Structure formats: C-alpha cells, structure tokens
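See structure below.
All chains are identified by letter, namely A, B and C, in their written order; residue positions are counted from 1 within each chain.
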Amino acid sequence: MTVKKIAKKELARLLDEWSRQFSVLVPSVETGVAQMTGWQGEDTSFVDWYRNTILPPKDAILPVMEEMFSFSKNEDGYRLEMSPPDSGRQLIFGIRPCDARALAMLDVVFKQDYEDTYYMRRRLNTVLVGIGCTNPYDSCFCTSLSSGPSDTAGLDLMLTDIGDEFVIEAVTEAGRELLDKSQGMRPATADDEARARESRDIANQRVTQNVDVKKMPDRLLAAFDNEEYWRKIAAKCISCGICTLLCPTCYCFDINDEVSDNRGARYRSLDSCAFCIYTKMPVENPREEKWQRVRNRVCHKYEFYPRLFDTIACTGCGRCIRLCPVNWDITRTLNSIPGQ
Amino acid sequence: MEPKTDWEPRVVGFLCKWCSYAGADLAGTSRKKYPANIRIIRVPCSGRVDPLFILRALRLGFDGVLVSGCHPGDCHYQTGNYRARRRFAITRKILEGMGVEPQRVQASWVSASEGGKFVEVVTGMIDEIKKLGPNELFTDGRKNRKTEK
Amino acid sequence: MEEKTEKLKNEARKLLEKGQVCRIVGFEPGSLKFTTTPLITGEKDELDRLVINPFIVNNLSVYLTGLKGCVAVVAKGCDSRSIVSLIQDNKVNREDVVILGIPCSGIVDLSKIEYLVGKDRDELDDITVANNSITVTVGGEKREFTKSKVLFDNCLGCELPTPREYDILIGEQVAPSPALESGKLKELKDMPPEERWRFWKEEFSRCIRCYACRNVCPACFCNRCFVEETEPQWLLPTPHWQDNLLFQVTRTIHVAGRCTECGECQRACPVGIPLRSMTREMYDLAGELFHYKAGMDKDEEPLLTAYEVEEAENFFG
C-alpha cells in the first residue's frame, strides 16, 4: 500500500483540508479531560503531550449518552420523532492502535443479529487515522494481546512519528483514497521507512506489562467456580464504573425515558456491570455480590467474548489500571488465576 | 421561554399538617387574599421535607420552594422542626454556594393561628421571585455533546 | 518510613497471631510506579507486603462496612475521623475495629507533580520526600519542591494529622498544619452567582456517572443510593448535566457532618471535577452554623440527627 510522509508543521493545514470533508476530531483537554473533540483549526500541540485520551474515542461512535427519539402528546394524539445520529462523515485523528482495535470488537456486537442504527450510522461514516505510540504508559499491555503500539488493525491510515515528520501508511482502500487526494504529501523514502521501523521497534520494547493469555478461555472457565479466589481478588474493588465506562471495548448500555408534562425523550447511556443494580431484577440479583461482578468483568473480556467471537475483548490500553481509584490491576488477576 | 410579562411564578409549598397547613386554611376561611402562584403540598411535619423534595422541585422547573412548619417548641412530634431547620439551612446554603438565588428557597414558621402571617410570607416570596424572573437553572439540555459543538 | 512499615508489620502480625482480628486492611505497593493499593488480608505471610509511605492515598475505612468480624485497619488522621463518624452512625462497632493509627505528614498528589514537571507519573524516575521538601528526579535531573506545592489540597491545613482515635499508633505525633483556604474555593466564592452556576454546569457536563466519588467515600454507606431508586425516581441515571449536578449536591448534603475532608472523591474522579470545593464548603458550613466537626468524638450525636433549640434562626422567617 501507499506510503507517504508529511512534516509535523504541515499537520494543521492537513487537518484543515480534511475538515472540509469530515468533522475532524483530535485529542484535546479543552473540556477539562483528555478526549477527542472537534478540530478548532490551530492547536496541534497534542502531538507533543498526547499519549492517550481518558475518555476512549468510542465516545464518538457510542457516546456516553444519546437521545434515541423524542415523543409528545397533544389533542391529535401521540407523535414520535426519531433522533438519528449525525449522518455527516467524521475523521478521528490520532486514535491509538488499541482503541482502533477495540472498535472492531464493538462492531461485531452492534452488527450481530440486529444492526444498531445509531452505532452503525456513525461507525460507517467514520475514518480512523491512527498515530502509533512512541511513549506507551507503564500500564499498557497491548503486546500481550497479539497487538502492539504500531498495530494497524482497524485503522484506515497509520502515522508513525519519525521526529519532525510522520510517515503515513494507507491501511484500507478508503485510507488510500484519502491519502491520494490529500495535498502536501511527499513520498516516503526507503530511509524514512527504515526510521519508521526503528521507531516502531523502540515503542514495542517500551511496553513492559505482560499478561499470559495462553489457553485463556479454558483457564478462566476452570477457575470460574473458585469462589474463594474471586472473593480475594475482588476484596479491594469499590464497584465504581471507571474501568467499564472508560473501557474502549465495553458496550453495555441502559435505556431511560425522560418525561415531563406531555413530552419526553428516550435516552441511551452507558451502563456498567460493576454496579449492583446492573443485574437487579424484581425477585433476585444474580450478581448481588462484588466478587461476582468482578468475575463477570474479567470473564466477559477473557472468556465469554472469546468463546463467541474468537478474540479477547481487551486491547491492553491500560485505562482500567491507570484510572482505578484503588489500583485494581487486571493483569495481576490474569497472571494469578489458580491452576496455571 | 414565554416573554416575561406573561410569566407567572410557580412556587411549591411544603406545609406541615399541624401548623402551617392549618394556617393557610385559616387565611382562606378568613377570606384573606394571597397569590395563587403557590401550590401547596401537605406534609406530616416540616421534618418530613427531604432536601431532595426541594431539589426535585427546582429541577422540574418550579420557580421557588417554600418550607413551612410549626414554630420552635411547638412541633407536634416535639423535635421535627428543629431537625428540619438544620437540614434546610444546609440545603439552602449549599445551593447558594452553587449559584442558586437564595430567595428561591425559603422557609418560615407559621402557626395554625397565623393566617395573616401566611399571607405575608407567600405574598413576599412571590414578589421576590417575580423580581428574579423564571427559574432557568436547569434549562438548556445537553442533547448530544458532539453535535452541540 | 521503613521503621514505621516494620512496626506496622509487627503489630499486624501480633494481632493476627493472637486472634484479636481476623483481617488486616492496609496498603501494599501498587502495580504502577509511585502507587499503593489496598491490601485486605487474613494471611500472615502476606503481611510482609504492607507498606507505609507518602503515597498511601486511599481512605481504607470505606471497606469497614463491608467486612464481617474484627478488623484491624490502617488509618491516617482523616481516615480515623471517618471511622469515628461510622461509629457515630452505628455502622461500625468500636470493639470490632482495631485502629492502626498513622500520624501523617501529608500525602503526595502525583497529579500536581505531573503538572509541575510536565511529565506523567510513569515518566518520573524517583520521588524522595524529606521533612519540608520533595525531590523529583526526572530524566536524570533533580528538581526540588516545597511540600505545600505537591501535597493534596486537603492535606494543606490538615486539622488532625495524627489520629485522635486509635488503638496502636505507628510513629511520632505530627502537629496540625496552619489553616489554609483552598485557592479554588476562594475563587468560586468571589464569582457572581450566575458565573458560579455556569462553572458547575460545565464541570458536571463531563460527569459520566461512574459513581467513583460515591463508592470511594466512607460516608456514603447507604445500602441503596437514592439515585438507584426508581419509585420515586429522584434523578435519571442518564448523565445529563442537570442530574449529575443534583446527584452531587444531594450527595454533599447526605455526607454533611460525615465528610472528614479526606479528598477521596476528587482524587477518584476520572474526569477531574473539583468535587472537594463542594464538600469543603459543606464542611465549613457545618462548622459555622452548628459548630460541628465531623468524626472528632465518637460519642457525639451526628450532625443531622442532633439539634439545638437556638441555632440557625435566620433561615426561617
């Protein structure tokens, strides 16, 4: 596929150019938390500080909250109005390989059996332009999950930092088209490509956390009924929703109506299996206790999902470790499953 | 939002069954006039008023909330109004700290014989709220954070 | 620090051996650089992992309501007040808990260091804490900061660094720090009301309702939180800023007289909402209006169940 390069100082111009076709999202802390927000046309300083966002980029496709439809009642009867998501095309610039891979995992869920309009409409209109990591966090463990800081899976274009320039590589056909049409690109030389390779190798070595995922579904299945183990592992968890709500591969949602007087709207918002009420039913709650919920989260990612879709539903982005208020570390759990 | 000239405040009043509700009743039977802007909810005791009642009323768009109960020492349940006072003071202060106009959240002691005082309290409160204008604290819904941009 | 850690390990071991407690709740080194993590264990051979250092952020009293039997818990000054508050509310029996008091000279706020040196936690090579200063080594270069620049806001002006309620004290008493008004709080107080409301509206637009603030809080001990009620449904579970804001206002009211200013809510918040500006205001209010300080005396009646005949009189017309 095509390989080109662009100078970092040309980046603002490139993003401006893309803004004419797409609504371009870039990493920013403008809202007070690192997340993908609309390109404002100036500030490309994120190339220097950005390691990864706190809110995962899935937010641009499966938002924390969205209106599904609104309804009202008057003398003539009831009226329903769909609130379809923006059908405009969007481009996420700077998404990390782990988060791009994660979207592929969400796709499977939102396409299977029933195609989710809200998700799919945004997803099909989204172009993913990734930047390979040069400085992974100490909590990253992507390399253990047959991926890495320069993995191109799920991306349309991949950028690799080679100092003052980015080497841009088209991954998909859509990416190639975009690259061919973009102005100001120069062909990458063999030397550039060598530097890109070097940069990737260095980044790969920087990922130091390790998880043993060999025979993973079976090992977890064997430990599933080991209540004592799960109780011990779960003891310090406080059952908040950080690890799940900020996980790029978590997709559970809740649906609620907001009604006032004669009108209202139905909202979908992210839900978390860490909450006790997640499984609360009139008579009983199958996951009343904390250890059952912790087990569910680990097993969903490393046992149930892989059994259904042949891939582990975790990309090793490390958000759940970094952001956990009590430093509950999934890698420690996975590496200490009894009977290894 | 309708223009301010047409606007009439809506205030919810939580009145204790033993004193203030009877006081409001007395105002009525004595043919005293007070603004019809207040909607009264009878509660068994001012101590029944959970801060959530106040917050929920504001969230629903009421322009003000009045809590009213027996004078100190007169509570039918001995101490309900003392507890109500602590809770109310804290609620009002914290709302004020967030930027809510304190006039929207008021409280008053009204006994069963104080029909006149009830009229004064309600009239005064409605006047103050008319000056403040409608409660727009919670308007401007955040529909979709991305499209809002 | 090593001395304290050793003493703690010994005391913990003795308690378990004598059967005085069935579990120890303390800290062990975390999985990431400069972090610690709670250690909840009843096994003697795990006690060697216990640690005391300037990074022991969590308020471990949050675990007490969920643990059965007699428990020994490591508590800094503010944490010990949370325990006292739980005792006042009959959530914990004094006899069921052995308090391993840690006189605390402040906990390091890693986010402040990150801000000051412009590097993330995992990029720092070393942090050394001395009496009044902290030395951060990054990229081979040493940088020194006064403690007041890098400790958590709530540690500055701490009223009770040494636990008042304890069974075993690990280390020497630490004197209280001089009172200090938090910069953020002052800034907020100086704003006109509309601006303040706008400020909070914007802050709460970020909230994702992970409930970390509630779940790390020892004062939030309800079996079922009011946001989970559906009949009546006080608030929507959907993260509208309005509901997010009211959730926090209500939570702040609920923890009035229980909040000991440990600052855990703000630290836990993944989207950086300055929650402590709200709890601090409540804390000050309890003091100003009712001369009440949370978690100081286990025999005192809790703020919201007690009353005085003459108080707060200007609130009722």
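Quick notes on this one:
Rule of thumb we're sticking to: contacts are C-beta pairs under 8 Å (C-beta built on N, C-alpha and C of every residue); 3 or more make two chains touch, one makes a residue touch a chain.
All of these numbers come straight from a predicted model, not from anything done at the bench.
Central chain assignment: C. Criterion: smallest distance from chain C-alpha mean to the mean of all protein C-alpha atoms.
The chain with its C-alpha centre at the largest distance from the centre of subunit A is B.
Here the spacing of subunit A and subunit B, counted between their Cα centres, is 46 Å.
With each centre defined as the average position of its C-alpha atoms, the distance from subunit A to subunit C rounds to 31 Å. Taking each chain's centre as the average of its CA atoms, subunit B and subunit C sit 35 Å apart. Within subunit A, residues 64-65 each touch two or more of the remaining chains. Multi-chain contact residues of subunit B (touching two or more other chains) are listed as 145.
In subunit C, the residues that touch at least two other chains are 205, 240. Contact residues on subunit B toward subunit C in their complex (touch as defined above): 51-52, 55-56, 59, 72-73, 79, 82-83, 85-101, 106-109, 121, 137-138, 141-142, 145.
Taken together, the subunit C residues at the contact with subunit A in this complex read 30-33, 35-40, 58, 62-63, 66, 120, 122-123, 202-203, 205-206, 208-212, 214-216, 228, 236-240, 264, 267-268, 270-273. On subunit C, the positions that touch subunit B within their shared complex are 188-189, 191, 193-200, 205, 226, 234-235, 240-243, 245-246, 249-250, 252-253, 256, 278, 281-282, 285-286, 289-290, 303-309, 311-312, 315-317.
Within the complex formed with subunit C, the residues of subunit A that make contact are 31-33, 51, 54-55, 64-65, 135, 137-139, 235-236, 238-242, 245-246, 254, 256, 258, 267, 269-270, 272, 275, 277, 290, 321-323, 325-329, 331-332.
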